[in-house]
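Next come two complexes built around chain A: one with chain B, the other with chain C.
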Partner chain A sequence: MHKEELIVLTRNIRTICGAFALAISAALALPTLVHSADPPATATAPAATASAGGTAATPTAPTASSGADGAASAQPAASFPPAPKLTAADYPTVKGVNARVAVWLIAQLHLWFGAFVVAVPMFVFMIEAIGMATRDKRYDNMAYEFIKVTITAYSLTALLGGLLCFGLVLFYPDLFKYLALIFKESMFAYALLFFAESAVLYIYYYGWHWLQGGNKKWVHLTLGLLLNAVGLQLMFLANAWTTFMMSPAAVDAAGVFNGNTWAAIHNYLWNPINIHRVVANVAYGGSVVGAYAAFKFLSAQKPEERAHYDWMGYNANFIAIAALLPLPFAGYYLTAEIYAYSQQMGITLMGGVFAWLFIIQAVLIGALFLSANYYLWCGMGRSDGAYRYNPRIKYIAVVLVGAFLVWFTPHTLVLTNSELKGLGGPYHKYLGALGIMPAKNTAVNFLIVFTFLSFLFYRRANKIATVSWAAAGNAAQVALFTAGLINITILGVYYGYFTNTVYKVAASVPQVLTTLVIIIISTVIDAFMYKGAKDVAPLRWGRMPDRSQYALFLLAVSFTWLMGLMGYVRSGIRQHWHVSNIFRDSSPDAYTPGLGYAASVVSVGTILFMAMVIFVFWLSTVSGRHPTVKGYWKEQTA
Partner chain B sequence: MNTPRRRIVPRLLQLVLVVLGVYLGFILVFDVLLGQLIPKSLLTMYMVFVIAGAIMVFTFTEEGAQELVGPIKALVEDPSKKWVRNVVFVIVPLLAGYYVYSSMLPGFEAPVELRTIHPAPPGKFKAYGKSYNLATLENPFRKFEKEDPAKFKELVKEGGNIYIKNCQYCHGDKLDGKGPYAAGLNPTPLNFQDVGTIAQLQESFLFWRIATGGPGLPGEAAPWISSMPVWQDFLAEDEIWKVILFLYNYTGRQPRSWAHE
Partner chain C sequence: MMNFIKVAVFSLLVIAGFWGFSNFGIPQIKPEPPPVEAKLDLGAMTMDQFVALGGKIYNGKGTCTLCHNAMGRAPMLDKVAAVAAERLKDARYKGAGKSVEEYLQESLVKPSAFVVAGFGKSGTNDTESPMPDVTGGGIGLNESELKAVIAYLQDSSGGEVTVEIPKMDAPAEGAGAAKTEEAALKTPEAIVAKHACGACHVIGDQAGTIGPNLAKIGATRNKEYLRQAILDPDAVVAKGFAAGMMPKTYGEQMKAVELEMLVNYLAGMKK
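Moving on, here comes the complex of A and B:
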């Protein structure tokens, strides 16, 4: 590298780090800003007087308002009203409109699109950076095409966000007012950040071809980083409002806000949701752009188009799988935190009325893993060397299906009366043990390890290792996988069934670490072993059966449905509370709907979303068409 | 280009045999060898994904997929298979019709239901004229497990006596849900030995369920079908806590807790 290039590179890295530091500073400064907007300490309404005669339930979180708001608790009580006590008459109605279903569907659609537009810039940034590092234009083109799809989705996100806001103001005015009272500063910051997001996104997208080469490309990459920083902050703020409704903080038993906005934002479940949503969004975004690639692949007319979209689909699937692998752990962490926050919520979630939706969730997650693996196996057909690994796929499939069956075995079985008599009770002596979390955790680790093995075979399919120690390397990997899987099993069986809850839950951490160790060490061994490896033949991009593309569609649809169902469950565990235990929902819809009804609403939402997504895909297709229409325009004389 | 292998067992038949083998394997292992039948609802779910997995393995290569669907395509398209086609086209709808008919046929058995085994507790509940907060409620005797093991042992023994006098008629003297009255109850009494019952719960949950019984169940468990009595009417508060100590001690389970030992 020349000295000048080195200087430019150093300067650019400094610039990009500076931008990142700026974004982080903004995030950190936010609590200070909102804190400064606290009301003056001239409170007159002591919180206790607003208590509902001792009948109002105390917020159940033992630490919900402690920790982050330690400083705030020392503040004098502010002049905030308690949570209103509503009656059905306080909820405006519009004839022919079911308020709950309307708000539910709009919120869900907004969230699906929001998740997509927050996620895509994350991997677009990485793909663009990879393109810059490798100087491979294909990456740049792919990143541009991904962000192009996002632009239309971004408009839809904003429209649906506006609609949601109207819906809340119209149908739940008192709830909106109460939340706005607590989060007014962050809501204002949210609006400003939305402007920033729009500005950065449009410059990033429309400036893509302008900001090419040299320093301009670095500027463009920095914009991508800023876009991500702003997008994530937006999501974190919205997450705070949602999680406040589940695990309220900075309020007393009657819902009187103590004035500490940061404590209200940083409530008990905020970070668990933040982590879960960031990871899930990337997986989701990957699956939706995968569906886009599949759509384009299936409608491609030329072999080179098929090859391009096949490659794009492969990358999208890779992104989705890479984020899918840690996702069960993020989900488990969130659920464990919900349980730790409130036994009531935890049992409602997984042992009570919503338990059956978790079985559907398990089925859908299994479907995600199966379709992602199937796509990889089909993808081995691009290589002429795949025949060496094909016979082993059936063993992977056996383990995947086996783990999947354990993963979705319910603890509470659906039994006919004769089966109930045959078993001597509602519990199955052997299958019952598979119904609880230690078995699920073990199963999901097996699913992940074997999905990684599928990926390893895919990577190797077209290569022949040339290093002298290839046999030893293979043996080391076999040993690593074997030892790791034995460790995961022992942790799951011994700690899962023969120790108390603390160790049961804690054992999931070394299980995850074992899986990560397998993945990381195996990747390192493979990277060295296949360094300078011979290609069997050039990879034949586009040589993919059409059915593999439907696996990509299945991935996107499963993700969407899954998010809808689990989003409903997350929200539903508040049951008849707008804000858990402090602000009661008194609307006519303040009941938990039947599982079938809820599943139907989510399914309708999924269909609507997929229809809108197909519309977005179609728009991106027609925008590239420039047919020449002869005889329509008047000929201009020079 | 490799010429396609001639197989002794065609791929389609292989697939059918694999699926059938797994199905019979489940029946053999659970219903025959282990003596605990596999419920039909679960077996159906299992088989759906076994079939999906098997189809994935049989179709991930183009050759495999062609081999699999080859006989089906031939059946539909090959003029020489006219008679077989006609027979299949008669048999398949008849089988489907029979399946629908037998599924819809009214029976005398009560419909299956998604029962909630662990209904969610309320945040607070009332018993003994007091209000209890389940988030903070603890067994007042649990501390003696470490502080005074001899006293703890005595408390467990007292709890055992209370259990035998009051609870074992339904829940069984082995705490396995098979007491003398159990056969007359539906749903059957809870089996405390099961890894998925008290081992998954905090002691406060047990206190709520015992003190308030079936009538204390939340709306989500409606229609209320638990025959659990309201034990606050028969036992003192301390007696319930002692029984809870006994339940965990006898089964060797630990209550769900977030505190490290």
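Moving on, here comes the complex of A and C:
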């Protein structure tokens, strides 16, 4: 690289980093600035009032001051009312409308679209950057096509957000009023950020072809980063309202809020949810654009179109898998934090009526992993060198199915009296042991490691390593995988079955670390080993069976359904409380719905979402058509 | 268009598969309705009934067994009254209690006053308990319920019951949402029928074979044993029968008077 180019590159990177830092700082400071008229507040946590009896949350619940890093500590802010004590009569009704189902569906649809529009700009930014680094125009075109799909979805997100707000005001006015009083500053900030998001998104999209080449491209990339910064801030603010309902901070036993906005935002479960949602959104966004690519692939008439959308589908699937692999860890962290916040809430989540939900979750995640792997295996057909790895695929399939079945095994079985007597108890003599968490943790780590192995085979299928130490590198990788899998098994079996409960849970952390070590070290070895490797033959993009594209659809539908299901349990663990332990839900729908009922609502929501998404895909397709209609327009004379 | 139809049908089939599994592939457990404030007739209650009420709260509304069970999440309380005196003298004790009853009350509302070694919140060196204040919003026991639980803990761990039955019941938070509670059943036969005891036991004209024969149970078992067998069926399992077969929820489902009526009825079955 020439010196001048280096200077320009450095300057541009500095600019882009500065813009990002500025955007984040501005967004973070916004609620504080708006709130500056109020004095800083005492972040009295539920725990602090526990000794007085009648505390809102458990004494385990870390205080808001710990959550807010002690920033909120001084005099109480403006006086806030206690949480209202409602009766069923306080909830407005509309004839023929079930308030809970209506708000549930709208909120879930808003979240699905919101997740999509927050996620897509993240990988669009990365794809655009890759395009700039490699000067491969295909990446730029793909990034543009992804963001084009987002534009319509963005409008739908906003519409659904407005509808959700309307639904809450209409059906749950007291709850809305209570939360709006606490979060009024952040709601104002949210509105401002929403305008900023719209402005940046439209400039980013409509300026795509204008801002090409040289510094203009850097400006465009900076806009992409700003778009992500603003989008993430929007999501984090919305997450704060949700998590406050789960782990309220700076409130006393009566629900009187006595902190400042930051204390309410930075409640105990805010960051765990933020992390989980960012990772899940990327996986989800990848799966939805994968479905888009699959739809276009199936509809393509020309070989070059098939090749383009095959390539796009591959990249989307790669993004989905890359985010799917760490997702169980983010979920595990979130669950551990829920336990840490309130053991009672944690047990309700994992050991109460929701316990069976995790069997459904196992089916869904099994479907995700199997479909993602199946797509990779089909994708090996693009390479003429894949025959070297194909015989091993069946062993991976056996392990994946085995791990799925372990994860799927329930702890207790539902039996008739005679079956119960025949079995000698509610647990199966042998299979019962597979129902507990250590077995499931082991199974999920196997799923992840072997999915990574599938990807490794796919990546190598068309390459021949040329480095002199290739054999040693392969041996090191085999040793790494073998040792890692043995370690995961020993941790699962020994600590899972021969120690007490405390160690059963703790053993899952070294299991996760082992999996990460396998993935990271193996990736590093592979990267060096295949640097400058020979291609067996040019990859034949588009040489994919149609059935492989249905794997991408399965991925998108399963993800959507899974998100709906987990939204139900996240909300459900509050049980009969609008705001956990301080603001009781006294509506006729205060009871927790059963799994079957929830599955019905989630299914209806998924169908609505998929219908709307197909509408978005269709709009995106027709917007690219420019047919010439002869004889319609009057000929203009020069 | 054909592709669109194929994709739509495929997606619908996938959704239908998930929906079908959730509705027919797993048991449909109906979550408990939100707790309602029970009207307690404390004036007419004997100490046995008050202890039984404590057991019902312990196993039900109090959610104590979520953690205080054999899983090791929290210490077992089967000897708590016996060890309370030692804990009051322990250097780590930070409370103000002077008697077993005060210690128990304190441990329910200020659980960090004494944390059993190994059961403290992570990173606190056993100085902070993960247990909630049971009078707080999440559990929300009122004064009478709290006393009943203390009486139950004293009784079930072999201690002397020193708690006095409160004169009248104190209404709890959220009473506005309370509903009128279903009236207690009048006869033991009605209780047996309601809870379908005969599906598993020989009792009355029923001849279940899953559980022990109760036709002459009163001849060999006393009331304490029978009460425990209903509230905590796995505490002592009859020879020849497996643990875990009998639901542990009868304590939550029955009213105190019903439980005592059933215990008396069973104790009277001697011929």
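Keep this in mind: the second predicted complex is superposed on the first by the 584 of 638 C-alpha atoms of A that agree within 3 Å, B and C clash if a C-alpha of one lies under 4 Å from a C-alpha of the other, contacts with A are read in each partner's own complex, and residues count from 1 in each chain.
The criterion applied here is as follows: a residue touches a chain if its C-beta (ideal position, glycine included) is under 8 Å from a C-beta of that chain, and two chains touch if they have at least 3 such contacts.
Since this is a predicted model, take the numbers as computed values, not measurements.
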Fit or clash between chain C and chain B when superposed on chain A: clash
Chain B versus chain C as contact partner of A:344, first or second or both or neither: both
First, second, both or neither for A:594, with chain B first and chain C second: second
Chain B versus chain C as contact partner of A:547, first or second or both or neither: first
Touched partner set for A:85, first chain B, second chain C, both or neither: second
Which of chain B and chain C A:581 touches, first, second, both or neither: both
Touching partner for A:378 - first (chain B), second (chain C), both, neither: first
Touching partner for A:433 - first (chain B), second (chain C), both, neither: first
Chain B versus chain C as contact partner of A:364, first or second or both or neither: second
Contacts of A:400 with chain B and chain C, given as first, second, both or neither: first
Footprint overlap on chain A, comparing chain B with chain C: 54, 57-58, 60, 340, 342-344, 347, 351-353, 356, 363, 410, 414, 417, 420, 424-427, 500-502, 581, 592, 595
Of chain B, residues touching chain A in the complex: 30, 34, 36-42, 45-46, 49-50, 52-54, 56-57, 59-62, 65, 109-110, 112-124, 131, 133-136, 177-178, 182, 186-188, 191, 194-197, 199-202, 204-205, 220, 254-261
Chain A residues touching chain B - in the complex, by the definition given at the top: 54, 57-58, 60-62, 340, 342-345, 347-348, 351-353, 355-356, 363, 366, 370, 373-374, 377-378, 380-381, 386, 390, 393-394, 397-398, 400-401, 404-405, 408-420, 422-433, 435-436, 497, 499-502, 545, 547, 581, 592, 595
Chain A to chain C touching residues, read off their complex: 46, 50-51, 53-60, 85-88, 253, 294-295, 298-299, 340, 342-344, 347, 351-353, 356, 359-360, 363-364, 367, 410, 414, 417, 420-421, 424-427, 500-502, 550, 553-554, 557-558, 561, 575-577, 580-582, 584-586, 590-596, 598-600, 603, 606-607, 610, 614
In the complex, chain C residues that touch chain A: 3-4, 6-8, 10-12, 14-16, 18-19, 21-23, 26-35, 63, 66-67, 71-73, 109-112, 121-122, 128-133, 135-140, 173-174, 176-177, 199-200, 208-210, 242-245
